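Common to both upcoming complexes is subunit A, partnered first by subunit B, then by subunit C.
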Partner chain A sequence: MKKSFFDHLLDWSGRILLTMILGFVLLPFLVVFIASFNDSAILSFPPKNWSLRWYTNAIEYRDFGKGLVNSLKIAAIGATCAMIAGSGFAYVLNRYEFSLKSVLNSILMSPLIIPNFTIGLGLLILSTAASLPRTIWLVIGVHVIIVLPFVIRSVYVSLQNFERRYEQAAESLGASPLRVLLTITLPLLVPGLISGALFAAILSFNEFTASLFVVNQSTQTFPVAMYNYVREYADPTLAAVSVIYVIAVAALLLVVHKFFRLEKVLNVE
Partner chain B sequence: MSNEISPSVPQNKPQHPAVQIDGVGKSFSGTVALEPVWLKIRQGEFLTLLGPSGCGKTTLLNLIAGFLEADCGELFINRDLVTQVPPHRREIGIVFQNYALFPHMTVAQNVGYGLRTRHVSKAETAERVREALELVKLEDFADRKPNQLSGGQQQRVALARALVIRPKVLLLDEPFSALDRNLRTAMQVELKEIQTRLGLTTVFVTHDQSEALSMSDRIAVMSRGQIRQIGSPTDIYDRPQNQFVSTFVGDANLFSATFVDRDESSVRLTVGATQLQLETYQDDLPELGPVTLFVRPEQCKLTQAGEAGSIPATVALTVYQGSYAEVHLDCAAADNRVMQRVPASEAPIAGTKVGIALPSRGPAIYKLNGEVE
Partner chain C sequence: MSKRPFLGWFSLPSVLIAFAITASFIAIVQYSFRAYVPGSLDPGGFTFDNFTTLWKMVYGQAFLNTVLLCFWTAIFTLLIGYPLAYAMVRAQSVKLRSAILLISLTPLFLGEIVRTYSWIIVLGNRGFVNAALMQMGLIDAPINFMFTMTGVVIALVHFTLPIVVVMLAAALSHIDLNLERAATSLGAGRVRVFASITLPLSIPGIAAATSTAFAWTFSAFATPQMIGGGKVQTISTLVYQVGFASFNFPLAASLSLVGLLFTIAVLAIFNTGIRRLEKFGAHS
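For the complex of A and B:
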């Protein structure tokens, strides 16, 4: 069939639009990527001389290393706690009818509406009033509150799509409710749980606003360390950090994809 | 097998019903899914719940399995009151439409699941799983995962998994609807064979009337949350007691008629200008006056036009179906086109004037109530 003028127009405008969207998404990273190799100590573009010294600086700067370890710790522990608590809440919300269900749902989802700085400030005031020490556990607590709604949603969706016939088949075969949960429901929900936990870990790792209120010198997270750095120095070290970060995350996702298939983990099948 | 047992030898089957349903009903948020139902299912009986979707058959099945809690009434399995007993203590085997095989377990693990929950020893579990897989001819597939099996094989695994626990009742929820036609027929025969051999009380849910007619000892035809008629397949097909059963099971030709007179065993009607006298089997006859006459196509005969006692009609078209031809007829006395099957070689051409001769026994008359489905 012969293509009309309009078909061609649509064809080409579609391609141009796609290119523009890709460019829009990737351009910031491209600029940062190029800037990270700039020899000059001032963030300028395009670079005149090339160097790897900011990468050396990024790796050697002690606060980054400490912040990274803190952030990984917080993300790992926080995501695990959020996954356990979130799965429990999601299960209750999905499976039971009770009078205060909508209230519980609203409370659990409220961190989506309340800004992160309010959560950070609130916990800061609370911990001061209760004279709690500002340990890493306080930061973890804040992060759990922030990522909990996302985990609950993720697990809730998995439960919603869960084929109840599996559980009924197991019940008819003589399995008690606990046995059904342990041998059928949980094993089949693993992709959903991993997805929830992974999502929580990424959110927690990126979280900055609330963390700023509750960290101190020894518990500062990676994003807070970066913020503190950029307040003092305006050199391209952060560009180098960004590049390392993107490459590390990409590598991580590749590994996840290899073992679990990313579409399944991200629930986008 | 049963031929060898003379009638005087008492069968060692218990006489009490395998399942007794006493006024069990269920509504969902105000909508009645199942009106209170009374039903006794005999030991070893293959009982089919037949009806269109939304007729309450699946609700009744779920109530027997214990997945739903009855609003009213009592349920007994082998004389034990189980109304309040959770599904995992009812000892019921169930095969679902989509089989619901556990995707994270092998075939053998699936079949053995019900034995592990009963803490049967490892050796006995292995033995019984092997036997069950042998029964469904899948002994070579024990280590496969469900997704490596064809639909028919998955269904056999589901059946083996339900049978291995030696259930008191086997429930089948539209188990054939996901299979293609040839496989479906083969599986029906196989299932019926296994069921008869084990003498297993079975409740089968389907919307497919031919499945119901071919497999059942008794059929309960359901619509709108009620059992409309219960009886053997012949009862249901040859002696439908109401309009719903007549039209839902099998084909029916419908004629507008006037109910003129009745005596003990026969009724007199007029269809158009034709006078008819028919024997009736119906428990409930409608009042005299306008009625609708239901006749199975294979009970009618095509005759020469104008033959005494026949209803005049004109051939609208004939549809060749291989071994037979469908003749569609326009008939002044019929609400819709009348359909007849004749040997393909005898099919009249369109436009031919013919007569439709009705049998003297078989047709039924009902007052139309808009319930034709």
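For the complex of A and C:
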């Protein structure tokens, strides 16, 4: 069938629209990329002189280093805790009926609706009222609460698509429940557990608002350190940090895309 | 042998976490009915004062700002996100689909600070947009984006876009292509196929994306805080300010509580509306 003039017009306007939208998505990152190499401490376009001094400054600034270590620690421990609690709960949610099941489920899923600043404030008030010290464990606790719904969902979906016959075969051959769990169920769930934990770790690493309420000088996370830097200094050091951040995340996603196919992970095919 | 092995051990950690969530919620409710004692973190006696304080102009303005931000952000995010999701699911070439997917999803994993900071560089008075427009001679003085609603909405649309695209793409990818083919074979043009098949079938996805966009914008803090710079106050920036500038936890708690009830009410009304709409669609 030959395309009419109208069809061509439609095709081209679609292409132009798509290019403009992708331009909107990419614009801030391109601009920040240019700004990070500007020698001047004051923002100006186009830059007159180029330099790498903001990259050196970013690497040498102590709060970023400390924040990065804190954030990696929090993300690793938090994601592990969330994975243990979340997969256990997803399992009982999928397999059993018990009293207060839906109440428990609603409470654990509520952080999806409750704004992060409210979660942060709630735990800040709670820890103040209970005179708990504001240690890194408080920050980890807040992060576990925030990422748990995502882990529960991810593992629950894997359990729904689970082939029960393997477990039944093992049971009928006389395996104990514990043995079925360790040798059949757990190994089959590994992909779902890994993607859930990975997603939880990324979310935790990026979390800012709730953390801001519960951190102090020594437990501040990487995003909080970045926020404090912008409030104190106007130079483009944060542009350099942003460029490194964007490249690291894009590289990570490319690798994940290569091995897992993002369409599948995000359920968009 | 018990019929429910592991029930206790598997649910124990999540029960503890549920207790922590409930306790912090109770803490917020309790503090919102307690008096503020200046200079002390401990609250005073029972009072309704926090809620009467909320009737003041500042707080009303913050509620209004939040609602307006949520509204405009949702509209623009949908208008931009729908074509993007459509192209991501339907583009002919696999390479183009992958490229769109990676470009639109990378920002999802970048966090609020990096993205908001980037927009400050783009929108600031000496930023990219103003410098470009001035050099082209289109404007004489920089346009003010910083500390305005417009600036905050632009950055919030960019912030909300990835999650909305994911949800719309999921909805679009589950539409049966045979329906569109049938319409085409019966002589419907592309515009008509889209308007009478694709768009109506994606309404549940649009609804889910809209309520998520609302929840994200409502809880956004860094963007209104950094780009609004105190000139565009929202509920989130006020909670932080009240909580940390004067350590007035009772007032911050009552503000959060009212904000939370407001979110739940909006989402409930929205969901009822959507269910009506779907019923209506089924009968027509």
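To be clear about the criterion, the second predicted complex is superposed on the first by the 234 of 269 C-alpha atoms of A that agree within 3 Å, B and C clash if a C-alpha of one lies under 4 Å from a C-alpha of the other, contacts with A are read in each partner's own complex, and residues count from 1 in each chain.
In this text, a contact is a pair of C-beta atoms (placed from the backbone, for glycine too) under 8 Å apart; a residue touches a chain by one contact, two chains touch by 3 or more.
All of these numbers come straight from a predicted model, not from anything done at the bench.
Asks: One more residue to check, A:Thr118. First (subunit B), second (subunit C), both or neither?
Replies: Touch partner of A:Thr118: subunit C, not subunit B.
Asks: Looking at the overlay, what does A:Thr209 touch: subunit B (first), subunit C (second), both, or neither?
Replies: second
Asks: Classify the contacts of A:Gly86 with the two partner chains as first (subunit B alone), second (subunit C alone), both, or neither.
Replies: In the superposition, A:Gly86 touches subunit C alone.
Asks: Counting only touches as set out at the top, which of subunit B and subunit C does A:Leu178 meet: first, second, both, neither?
Replies: Only subunit C is touched by A:Leu178; subunit B is not.
Asks: Who contacts more of subunit A, subunit B or subunit C?
Replies: Touching more of subunit A: C.
Asks: Based on the superposed arrangement, let me know which partner A:Thr56 touches: subunit B (first), subunit C (second), both, or neither?
Replies: A:Thr56 contacts neither subunit B nor subunit C.
Asks: After the superposition on A, what does A:Pro187 contact: first (subunit B), second (subunit C), both or neither?
Replies: A:Pro187: touches subunit B, not subunit C.
Asks: Regarding the shared-chain residue A:Glu163, is it in contact with subunit B (first), subunit C (second), both, or neither?
Replies: A:Glu163 sits against subunit B, while subunit C stays out of touch.
Asks: A:Asp7 contacts which: subunit B (first), subunit C (second), both, neither?
Replies: In the superposition, A:Asp7 contacts subunit C only.
Asks: Which subunit A residues contact subunit B in one complex and subunit C in the other?
Replies: On subunit A, the overlap between the subunit B and subunit C contacts is residues 177.
Asks: Enumerate the contact residues on subunit B facing subunit A in the complex.
Replies: Listed in rising order, the residues are 65-67, 86-94, 96, 98, 100-104, 113-114, 117-118, 158, 161-162, 165, 171.
Asks: Tell me, which parts of subunit C touch subunit A in their complex?
Replies: Listed in rising order, the residues are 1, 4-7, 9-18, 20-25, 27-28, 31, 41, 80, 83-84, 87-89, 98, 100-107, 109-115, 117-122, 124, 126-128, 131-132, 158, 161, 166, 169-170, 173, 190-191, 215, 218-219, 221-222, 226, 236, 239-240, 243, 249, 252-253, 256, 259-260, 263-264, 267.
Asks: For subunit A, which residues count as touching subunit C in their complex?
Replies: The contact residues of subunit A facing subunit C are 7, 10, 14, 17-18, 21-22, 24-29, 31-32, 34-35, 42-46, 81, 84-86, 88-89, 91-92, 95-96, 98, 104, 107-108, 110-119, 121-126, 128-129, 141, 144-145, 148, 177-178, 181, 202, 205-209, 212-213, 223, 226-227, 230, 236, 238-239, 241-242, 245-246, 249-250, 252-254, 257, 262-263, 266-269.
Asks: Per the contact definition, I'd like the list of subunit A residues that touch subunit B in the complex.
Replies: Going through subunit A, the ones touching subunit B are 163, 165-166, 168-177, 179-180, 183-184, 187-188.
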